[in-house]
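Both complexes shown next keep chain A, but they swap its partner, so chain B is in the first and chain C is in the second.
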Partner chain A sequence: MSVDAQTAEASPAGPPPEAYKGSLWERYGVTAVFLAPALIFLTVWIVYPTLSTIRRSFYDRDGSSFIGFDNYETLFTDDTLFTAIRNNFLWILIVPAFVTAIGLVFAVLLERVRFSTAFKVAVFMPMAISLFAAGVIWRLMYEKDPAQGTVNAGIAVVKDAVTPSGVLSNARPSTDALQGGPKGGLELKDAIQPGEVAQLGLTAIRESEVPEGAEQAVVPEPLAGGITGVVWRDFKPGGGTPGRLEQGELGLPGVTVELRDDGGSQVAETKTEPNGTFRFEDVEPGTYRAAIGPETFQTPYAGVSWLGAGLILPSIMIAYIWVWAGFSMVVIAAGLAAIPRDLLEAARTDGANEWQVFRRITIPLLAPVLTVVFITMLIYVLKVFDIVIAIAPGSVQDDANVIALAMWRTSFGGVNDFGLGAAIAVFLFLLVIPVLAINIRRFRREV
Partner chain B sequence: MTAAAVETQEQPVVLREPVAKKIVRFLSRTPVYLIIAFLGVLWLVPTLGLFFTSVLDPSVIGREGWWEVLSKPSQATFDNYREIFDNEAITTSIWTTLWIALGGTILPIFVASLAAYAFAWLEFPGRDWLFLVVVALLVVPIQMALIPIFSLYNDLGLFDTVLGLVLFHTAFGLPFAIFLLRNFFIGIPRDLLEAARIDGASELRIFFRLILPLGLPAIASLAIFQFLWVWNDLLVALTFGRDTQPITVAIFSQMRQFSANIELIAPAAFISLAIPLVVFFAFQRYFVQGLLAGSVK
Partner chain C sequence: MRYGSVFAALAAALAFAAAGCGGDDGGGGGDAASGSEDVSGNVSVMAIWAGEEQKSFQAVIDAFEEKFPNVTVKYTSGGDNLAPILSTAVQGGNPPTIAALGQPGLMAEFAKQNAIKPIDNLQAKIKDAFGDDVAAAGEVDGTQYGVMYKGSNKSTVWYNVATFEEAGVEAPKTWDELDQVRDTVKAAGITPYSVGVDLGWPISDIFENVYLRNSGEEKYDQLSKHEIPWTDQSVKDALTIMKDVVGQSDNMVGGTDGALQTEMPDSVANVFSDNPKGSMVIIGDFAPGVTETTLQPVTGYNVFDFPSIDGSKPSVVGGGDLFVKFEDTPAADAFLEYMTTPEAAEVWAKRGGFSSPNKDLDLSVYPDEITRTTAGALAKAETFRFDMSDLQPAGFGATAGQGLWKGFTDFVANPNNIDKITQQMEADAKKAYK
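And then the complex of A and B:
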């Protein structure tokens, strides 16, 4: 797209209006026809409303009485509104920098490979879908339940690999022989020695909670030089003796059994078989205690509350960065491509290493492009609305509030205070002007 | 390369990379390829998540994650989509979105082209100042217009109408469109225009027969941007509509009971983003081109 400003300023024109005194219509009628529609639209929908809103902001909620700067005062004193301003402040501090940086990293990575189109498309694609649709997508991703929310599911996978959830949720000893509870483990009161068999009976386990694959419990044979035992569900419907392993009582598989020495520290650990039996082999002579380890009762991962008041801001920001990284990457990649290769080669020949070349030559040359991206993001972030209203559930809207959302909620979302809403709009306008002015001035310089 | 330079001067210098160097280069490239592949997949996951959620059987939603679909294809069903198309609110909203987006694209581009031509090639006093003012209007955020237009539309009976929304989008699309098109039109060779004028063609004729066809690349770029912008809009439609709902608003009103409605929201959301995606893939080149031209909306 050729943009030749010089020619523009030097007045490219059709024939100048003829010298004779034709009527105004004859001279400028055509121009009027071309310009009128646009000017009408702009005046009615932009110019007039701007002036009207400014005026409206000085009046009260239904427009009847003049209240001066009261609305603006409310802007900073009201909790909800102040949170919105503070949040926007955080947004402009964090998001444009991240988006620019990520775009830079991606662009640099891309430069080193060929067939980059697939990657470019994948990263750029979120820009095509609306910020609202992106919001819906991430609302799904952030569901707390690891069975639904992708993010928590990912974390659960890692967490389960490190601390797998236990097979039981709760249990109590069936007799005095066992002491303790799920928190610290259940330990056999009596010490045991190699060659003996330990029996750990548990109760208060619902039938549905018995781990899969459980079989009839058996008392194992003693092992010379080792310790064997059984962990079973000591519960016989309709009677039975607690502490005695009876027919119909199931062993508990997957239970973590610890062997502890006299001092209480763990010496060995194993898991029970489907029939509840376990064995420790090659045990040094001495006295030990057998215990059911607390890992048996490890609760399954409940999920991080991404949509809760504490994390909602970063959650939305992440989603936003996901959308805009593509824009940043594409623009910066174009800037990178425009850097003349000889400059870089010359530096390398002079002995500069890659990092120096990058820092001293590439980055400074990229500065204009990086600025474009950064400032563009600043402007958009100031006005952010769609993605916030899509991701934040109603209960945390106050915590996630931003200026654009606050304006809408105040004017149309129930509060219906047009005066205050107008003030918020004007405030947003005042914030945006300086940033856009910088941008437009840069355009004028380039154009 | 230096190794090759050491070769005797009599023989032609054959630059062949020693195998060792090739291996090093491969090794230093592979991690980059791996990282890029990983990042690319990572970026696709959210959208894929939505798609697979939308094909989950409603009874499964809430108990199992969408990734289970990959291993148990039997749980995938397009019933959700069938339900959507039976849902009148959703189907109507798709049409509404189409009308609003088409109107909100064609009208501003047409009006902007007229004005852009005037700013580029017609002489009148104060032309450049007026152009600056028009471009400066880019600064005004939509929020500034919401309240007054709300009242205005209520008085004029334009509230809750497709026309009202189209007109609003047109107005706010103008500053950027005029800016872009005027800069493009200026690049048209003066001789072409002069020749046409000498031949006695009226300005309107020049506009339709010469300028518009020549301006097609810029107009196409602009059209895609504007179409996507209007299609994806939520704020304007939310403010000026109630029963007239484009698909964004339709989904939004379902989101109050998000967990209960996933089997409705997921497919609807996917449909609403499928159109822009198709447009995007079909017109990738123009999209990126337009971006690099410095789009600030």
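And then the complex of A and C:
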């Protein structure tokens, strides 16, 4: 009210003549008039909401009854919120240090490169997009399926070059007669002797995945002194009877079939015909097992679960560091440019090597700049929010939770508990205050 | 001295802010009082509908205004943030006249705060038009507060027709048949299910359907109100049945890990595609709306009712938007009453993207075959139950990464950990019901 009244009095052009020389009005009134717009905005948007939030944090969810410190008790006893606090501390421990260190490395190294501006622009580029957009980009890059996620696609290129995927990567045995797994391949449970026929039925093969040229499967005639058999897709529309070769079921051509002796070592190897049949001639008497080697079932690289519960925290941190490294580099590079060259040269003349110059001259001279970057990052990291919500899938938001996100989820994300949300906000506020205080004191000292 | 003046100014500004705030409150109250005296009246309505849905609802409003020319209805979309917007508006003493709430839990909360007004005078009409089960969804402790104008049927399973043809299977009617379909589709080399676990609620929908069919309405109601614990054997049984779907990694597109990161719209897109990654997706009737597809309804993708378990009768777990009033005015009453009529339902039903729980609505007004199936099942269901997670306190039943949603994601991640997961659910429930 009083500010309002003063504003009204002050608005006529020019102060009254008798108050012209150093009156109270002159000394305080004019100051107040000039401060008024900023003050009003600060009050409406900062001071009032802050006080209201603090008051709200002592009330229950619908704001009707005073509950003292109950919300703060919940804050420190609830598992979800505890994870959020713990994660925030990990952020504080890891991220500012990394951002500062990476920025320093870039800044120092880029000083010696020819097209340093181009590099600087490239590193600084992420700053041009919003954190949320950066989060969306990284969410896509982190997709588990190598066909979608860039990160896993990169790994897949290397992995698949080392172990190429097999022709029937998803196939499974159709009955228990075939045993084994992708590691050792599939093997017929019952031993066979020369003159007998082996039937290896496979299923879970898409129609479109059946190798080209496949024909109706047939059970081959037994062969005296040899072993014959068939590998076929033990499926027809509707399912068919597993284990029985029926009309409409296709042979699987080009599959490598192994003949193993009792000890499990391979004695012969052959490939199947278009109708799925194979034959081993001139087999010594004895008992054998027919098998399909593991390379047939080698599955393509499935990808690392970057967005899973285990890796989500580091994944988000990497994305965040990627965004802020540019900022840190630019600020540090500016500080670096301001270092007097003669100091460095004097050190070199005195016989210091590059590492010593960096360690003993550059770093100490850069210390104020490094501190500014570090503290700025500390404040930003304390209130990190948008990139977490953008990257973390809902199923792992608990594992990736941070204080600011917990506050939002508690107040607006469905819980609608404004009391607890306000308590989290106040807690976050308290955490930021010491850092702010340090920062302000530093500014004072410098000015 | 400098600080002194700053603080003085600060104190002044604070006084100003406080005064301004008080003035606002008084003004809001005054407006409401004068509005209630006006017989023809203005009605402000708030709901989540935006875009195309907003246009359709506007058509309903136009039809209403034609019948009540002296009532002016103004619609504001709250979008996805409707619940927080309304909670804040109620706290600030400035709610809309009428709102459509998606969560009965929120309705119960508002009723407890006396923010919404009973509509018992409409109860008979509502029971007549919608049946006892749907009417009950709008009740709080026996008092009628809400009219469920728009419903949704969450007891549907969508499938890619080409994959069913390739595997040579038909749409199943019972859970055992569904398991056979799963095995056959799998044997054909196609992944049977696409599951979007990301936020957990699609799994909670599956659970509710299984639970209602396996344990019956009585248990369902008890569990909804937390009269039996989540560690009850019936919950464990339902989860065990659900393992038929999510218990094995190779049942799901992308395996368990992939499913955990799949968002609901993607889980639908995986099935509604020329090159499908999965054959079936168990999700509500809204599925066609969440993804772009080149497939045609019925011939490209189709739907069947959630299968019955051990001979359970036709049951629908659904959701709906419940109209409630925050102010007692004749205009508001007229609007709510209009919402119980089949005419009001028909306006939107014709435009598509709408299912009415109104039993008097002629199914032929729906524009397509699929909606006729899903909306028909909703209106004709012998048992209707509101989505259980929406009946819980929101922090337990309907919040990402917490309570039930979190429990169901954990269940997909560790399907053999049923005991521990139900214990955690019960612990969370106790906290929420405290």
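Here is the rule we use: the second predicted complex is superposed on the first by the 288 of 447 C-alpha atoms of A that agree within 3 Å, B and C clash if a C-alpha of one lies under 4 Å from a C-alpha of the other, contacts with A are read in each partner's own complex, and residues count from 1 in each chain.
Basically, contacts are C-beta pairs under 8 Å (C-beta built on N, C-alpha and C of every residue); 3 or more make two chains touch, one makes a residue touch a chain.
None of these values were measured; they are calculated from a predicted model.
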Chain A residues touched - chain C or chain B, whichever exceeds: B
Which superposed partner A:386 touches (first chain B, second chain C, both, neither): first
Partner chain in contact with A:48 - chain B first, chain C second, else both or neither: both
Partner chain(s) touched by A:401 [first = chain B, second = chain C, both, neither]: second
First, second, both or neither for A:330, with chain B first and chain C second: first
Which superposed partner A:144 touches (first chain B, second chain C, both, neither): second
Which of chain B and chain C A:136 touches, first, second, both or neither: first
Partner chain in contact with A:343 - chain B first, chain C second, else both or neither: neither
Which superposed partner A:416 touches (first chain B, second chain C, both, neither): second
Which superposed partner A:123 touches (first chain B, second chain C, both, neither): first
Chain B and chain C footprints on chain A, overlapping residues: 1-4, 28, 31, 35, 39, 42, 44, 47-48, 143, 145, 393-394, 411-412, 418
Sites on chain C touched by chain A in the complex: 5-6, 8-10, 12-17, 19, 21, 81, 83-84, 87, 91, 106, 109, 113, 165-169, 180, 183-184, 186-190, 197-200, 254-255, 257-258, 260-261, 263, 394-395, 398-402, 405-406, 409, 413
Sites on chain A touched by chain B in the complex: 1-4, 7-9, 11-17, 28, 30-31, 33-35, 37-39, 41-42, 44-50, 52-53, 56, 106, 109-110, 112-113, 116, 118-119, 121-134, 136-141, 143, 145-150, 153, 322, 325, 327, 330-331, 334, 372, 376, 379, 383, 385-386, 389-390, 393-394, 404, 407-408, 411-412, 418, 421-422, 424-426, 428-429, 432-433, 436-437, 439-440, 443, 446-447
List of chain B residues in touch with chain A within their complex: 29, 32-33, 35-37, 39-41, 43-47, 49-50, 53, 61-67, 111-112, 114-115, 117-118, 120-124, 128, 134-150, 167-168, 170-172, 174-175, 178, 183-184, 186-187, 190, 193-194, 197, 202-204, 207, 217-218, 228, 231-235, 238-239, 248, 251-252, 255-256, 258-259, 262, 265-266, 269, 272-273, 276-277, 279-281, 284, 287-289, 291-294, 296
Residue numbers on chain A that touch chain C, as the complex places them: 1-4, 6, 28, 31-32, 35-36, 39-40, 42-44, 47-48, 62-64, 80, 143-145, 170-171, 174, 203-207, 209, 234-239, 242, 302, 305, 307-309, 393-398, 401, 409, 411-418
